[in-house]
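Before anything else, here is the set of structures, which you'll find just below.
In what follows, subunit A forms one complex with subunit B and a second complex with subunit C.
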Partner chain A sequence: MGSNRTGWLLLAPTLIILGGFGIVPFIYVLWVSFHQWNPFGANPAMIYNGADNFRRLVFDTEFLQSVWFTMQFGFFAVVSEIVIGYLLAQLLMRDFPGKSIFRTIHTLPLIVAPIVVGSVWRLMTTPSIGIIPYYLNHWFGYQMNIGSSATAAFVTTVVMDIWHWTPLVTLTLLAAIVGLPKDPFEQAQIDGANRWQIFWHITLPMIRPAILATVFIRLMDALRTVDEIWMLTGGGPGAATRYVGLHIWKIVFPKTDYGYGSAISVIVLYLTLVMCWLLYVGLVAPRVKRST
Partner chain B sequence: MAEVTIKNIVKRYGELEVIHGVNVDIADGEFVVLVGPSGCGKSTLLRMIAGLEPISGGDLSIGKRIVNTMPPKDRDIAMVFQSYALYPHKTVAENMGFSLKIKGAPKAEIDAKVRQAAGVLDLTKLLDRYPRQLSGGQRQRVAMGRAIVRNPQVFLFDEPLSNLDAKLRVAMRVEIKELHQRLKTTTIYVTHDQIEAMTMADKIVVMKDGYVEQIGAPLDLYDNPANVFVAGFIGSPSMNFLRGRIRSEGGVQRFVSDHGSVLPVKPIEVEDGRPVIYGVRPEHIGLGAEGLAVKVAVVEPTGAETQLFARAGEDTIDALLRDRVGVRAGEAVNFVIDPQKAHVFDQQTTKRLS
Partner chain C sequence: MQKNNPVLMTLLWILLSLATLFPIYWLFVISVKPAVDLFTTPSIILEKVYWANYAKVLTDTTLRRYMINSLIISSGNALLVTTLAFMACYALSRYNLAGKENIFFWTITNRMAPAAVFLLPFFLLFTQVFAIGDYKLYDTRIGMILLYCTFNLPFAIWTLRPTIDGIPRELDEAATVDGASTWQVIREVVFPLARPGLAVTLILTWVFAWNEFLLAATLTSFNARTITTGLSEYVTTTGTEWGTMASIAIITLIPALIVFTVVQRHIIAGLTFGAVKE
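Up next is the complex of A and B:
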């Protein structure tokens, strides 16, 4: 009994934090999502309206479009981050002059707050003062204006996310690569494999768990990006970069439609879980099954 | 199958030279063991043959081709690593078939060859398992199977049995030897274990500090070691060494140790009083009525044989007797040495004189 109490005592801080900041707000959001609630409106009371919010969002093209944009954003950002991150990790496995300085600088974006990243990128992409439109025009004669071109805005958000988060991927994959045993690679050379075959048949399968873990983390993060995008494009032009996180924010805060915003949050959480589950079923589970 | 010629091979890491012009000729189908204490350069030499380490000087040829700068994948060799180096994410069958798959061999051919090798190595039931589901001995066999499937010109083994327990090591030793007798593929085998070297090799290359100390057939090295190092390295338990001088008395040469023990030698042409090292194997010492008087310090019976650790004054001598003897620690006995089987080495050069 005594040891049981000690156990609970030791678990208490975690449970309190998890409960206070995770479970209770989630249940609250779930509760709000079944109501119509505008606390700043004429009638600030919460009015129960059953599944009306959910019924509404199934036919809400604005919402569905934002989900579609978010998925595109997540796909392009995460795939690019994995590819670039892997190449950088391989680069950092080699020795070259200035390697440690490069590694430090390359990691810096990670410690910058998203809101600051958004501001900096906004400055850099603003036509007439930004460095990026200037050089794109100077070198390629391309007029970049993320305020008017949906494609430019979308690409810029993806590039910003890559700039911000690739270092995380690099570090994770670097850790995975450093931890690989050396012998199978020498064995593969002796077995007659060339570089590409070694990468495809040996390296990739061996760091696969690390890649998958990184994809999960980055995908979940990308699906809920708000502040950087809000700072950079504000969701525009039109709704071209209004990803779900931003969409929810717009519904809940400027529009003060708390009930509907909560319902979208719940659905987005559900969609994220489903996507991760599909990834897991498609990529992880077959391996696990084969190897047991 | 092919012969391997190692000619004046040198290995340098920057300024540091670790292998100093090694020469070894390996005939087609021969089983050669590179043996020596750790750090002697044997593994480095093997890795140079495999192409995993660049060669700093000299010529290496496999078959008739000089392969100094040829990448490993083109050398047509198979290697078994100490760690087995199995691909953890591939099944046993995939591990064994990988080299053929890389070459683009048809699936049916890969299957047939893998099945055949698996049959030889008793792995048929394990083909769908992953390496982590296998025991050490099974992994070892998979690593060998992977080599056999290739049907390469040369097999390279880098301490393949070091990670196995003693019993399994003996069993695998026999298997590897049998395999070689069946396949007759040129084999280069690295080990630090002189028993492995003695039991498996057609030819042993004893290395130390990047030099070859002696090359020869196992029993030749045992009977006629070139120097003190080889004499002490080959044979277990190790040879007894005593420092002293050769003295002639009435035309009969004898060895007198620095501590005064007198031991017989066969006639050799050295001047009287020459400082030498006297070497005799424990198994060449017997008990008798006359001979060197010693006091037994420790008796180690192992059933088949009995090992006696004895002292003659300050000298320590170790004898291995084939039969059981009723000697106890502290007893005084006489050690009889056959002078034909004793060796005399020069103290300066450590080379054998007798």
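Up next is the complex of A and C:
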């Protein structure tokens, strides 16, 4: 329907903006990644060094470790957020007193800037002055110390991420569920399907594109998160919560090693892309093809 | 739908709300404590309230300016991004464009970039490349509005696409047969049905723009500096002014909350979907 020219016209502004602000900087970073460049180092010149940066990162245990930590962080945070967010979105489809107030309260964490979230959680969890370790010790005798226990720090970053970003999942899934046609559900109920069957065979396939879009967004954001983690733990203890985004930050800013930082960014971008592409091809594309 | 117990539901949501609100309450507690009291044994109840931080923040004209910048930049960006994404999703969903699934996937790759390294090319673009005579994008609101498209536009396209795909094509076709132009189809048929999705997209893109920190910290200095960046000026290497920072953070919640309440109403506005389909 319609001519394809209208379609391209509608798409054009998006392509122009993303081209100018997306492709151009990427090409620059790609170019820098093949150079040794530390503008504030002993030799500030930009020297072409082929694939040296990439060779270096394959054996960089700090980098590999941070990728591994980031994947764990992304996995636990995103899975919990999707499950909780979906359940809450379903609950918000029912009627109960004060629903709109509760919905607004639930979305409040989103409007707190990540840098503030990190600060508050830090003040809440710092041993001896934080309220959470104080009561954990008072009630359960559990000594929580995010400054020395890697596990405690890891769990705190995950819990903080869940607190901050579950509302985003709830809202996007809520929009998807609201938009679903009612007929298939009524039909299934008439046919005597139970709740689980309805979820598995009707709701899930219909909101699958929305779930996947949400997973992508959350996964990507979890992989490049900097400010929240920086404020909460600063990457510590040791390097236990130094996730990739923060790792790159530390290479580029205190060390001003632009060449190596760019190479890591290119690789992280590439890994994220491949991971998302596989998910996309495996789970969304078959369905899209069928429907067009 | 299913049977439900309103009392149980309300109780559940009260518990959830307490968990959600606690860190925000704690932010408030920090904002009304003198600095020395922060490092004593914590207690949940506030004994005395110390308003000096607020007095300091509210009389600061620089912060007021940052706040206005933030409002303009995030509202401008959210509106721009939602409109562009709506157009783009309509094109991707309804037209048979060559390579459209690849274009769709490519858009999201723009959000994957780790910010730290991209600050440098952005800085060069803003100070040297995208400049007409003396006019540069650096430290301008327009510049920030355009820049935030890099992470918000992909997000908006990806959250809107399922909504637009979910609107049956038969509706467009029926309207076209009745003589409606493409513009009329978009405005009269697709737009009303896409409202919940559009509202959610608008809210979330607004939030991302409002909260953005790294890019604003690098690419603005004064004229277009945002409140999130202004607030971070109190986090320094020699020590953080927690109280001042927390009180600014609490104040920034107010405009955000207003935007939220206004836009959220439209999320459930699309409940008539089933009826339209017949």
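As a working rule, the second predicted complex is superposed on the first by the 263 of 292 C-alpha atoms of A that agree within 3 Å, B and C clash if a C-alpha of one lies under 4 Å from a C-alpha of the other, contacts with A are read in each partner's own complex, and residues count from 1 in each chain.
Keep this in mind: a residue touches a chain if its C-beta (ideal position, glycine included) is under 8 Å from a C-beta of that chain, and two chains touch if they have at least 3 such contacts.
No experiment lies behind these values; they were computed from the predicted model shown.
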Give one word, clash or fit, describing how subunit B and subunit C relate on subunit A after superposing. fit
Quick one: is A:L269 in contact with subunit B, with subunit C, with both, or with neither? Answer first, second, both or neither. second
Scan A:L91 for contacts with subunit B and subunit C and give back first, second, both or neither. second
Taking the superposition on A as described, I'd like to know which of subunit B and subunit C A:G74 touches: first, second, both or neither. neither
Using the touch definition from the top, say if A:I17 reaches subunit B (first), subunit C (second), both or neither. second
On the A-aligned overlay, A:T107 touches which partner chain: subunit B = first, subunit C = second, or both, or neither? second
Contact-wise, after the overlay, does A:H201 reach subunit B, subunit C, both or neither (first, second, both, neither)? first
Subunit A as apex of subunit B and subunit C, Cα-centre angle in degrees (nearest 10): 70
Residues of subunit A touched by subunit B versus by subunit C: which partner has the larger set? C
Given the touch rule stated above, what does A:D191 touch, subunit B (first), subunit C (second), both, or neither? first
Determine, under the contact definition given at the top, whether A:R224 touches first (subunit B), second (subunit C), both, or neither. second
Smallest inter-chain Cα gap (subunit B/subunit C, superposed on A) in whole Å equals 6
Intersection of subunit A residues contacting subunit B with those contacting subunit C? 181, 183, 206, 291
Residue set of subunit C touching subunit A in the complex reads 1-2, 4, 6, 9-10, 12-13, 16-17, 19-21, 23-24, 26-27, 30, 38-42, 44, 84-85, 87-88, 90-92, 94-97, 101, 103, 105-122, 124-125, 129-130, 146-147, 149-150, 153-155, 157-159, 161-163, 165-167, 169, 172-173, 176, 182, 193, 196-197, 199-200, 203-204, 207, 210-211, 213-214, 228, 231-232, 235, 240, 242, 245-246, 249, 252-253, 256-257, 260-261, 264-265, 267-268, 270-271, 273-274, 277
Can you tell me which positions in subunit A touch subunit C when the two form their complex? 1-2, 4, 6-8, 10-11, 13-15, 17-18, 20-22, 24-26, 28-29, 32, 88, 91, 93-98, 100, 102-117, 119-121, 123-124, 129-131, 134, 163, 168, 171-172, 174-176, 178-183, 185, 195, 206-207, 209-210, 213-214, 216-217, 220-221, 223-224, 226-227, 231, 244-245, 248-249, 251-253, 258, 261-262, 264-265, 268-269, 272-273, 276-277, 280, 285, 288, 291-292
The answer for subunit A against subunit B in the complex is residues 181, 183-184, 186-194, 197, 201-202, 205-206, 208, 287, 291
Across the complex, what residues on subunit B touch subunit A? 50-52, 71-75, 77-79, 81, 83-90, 98-99, 102-103, 130, 146, 150
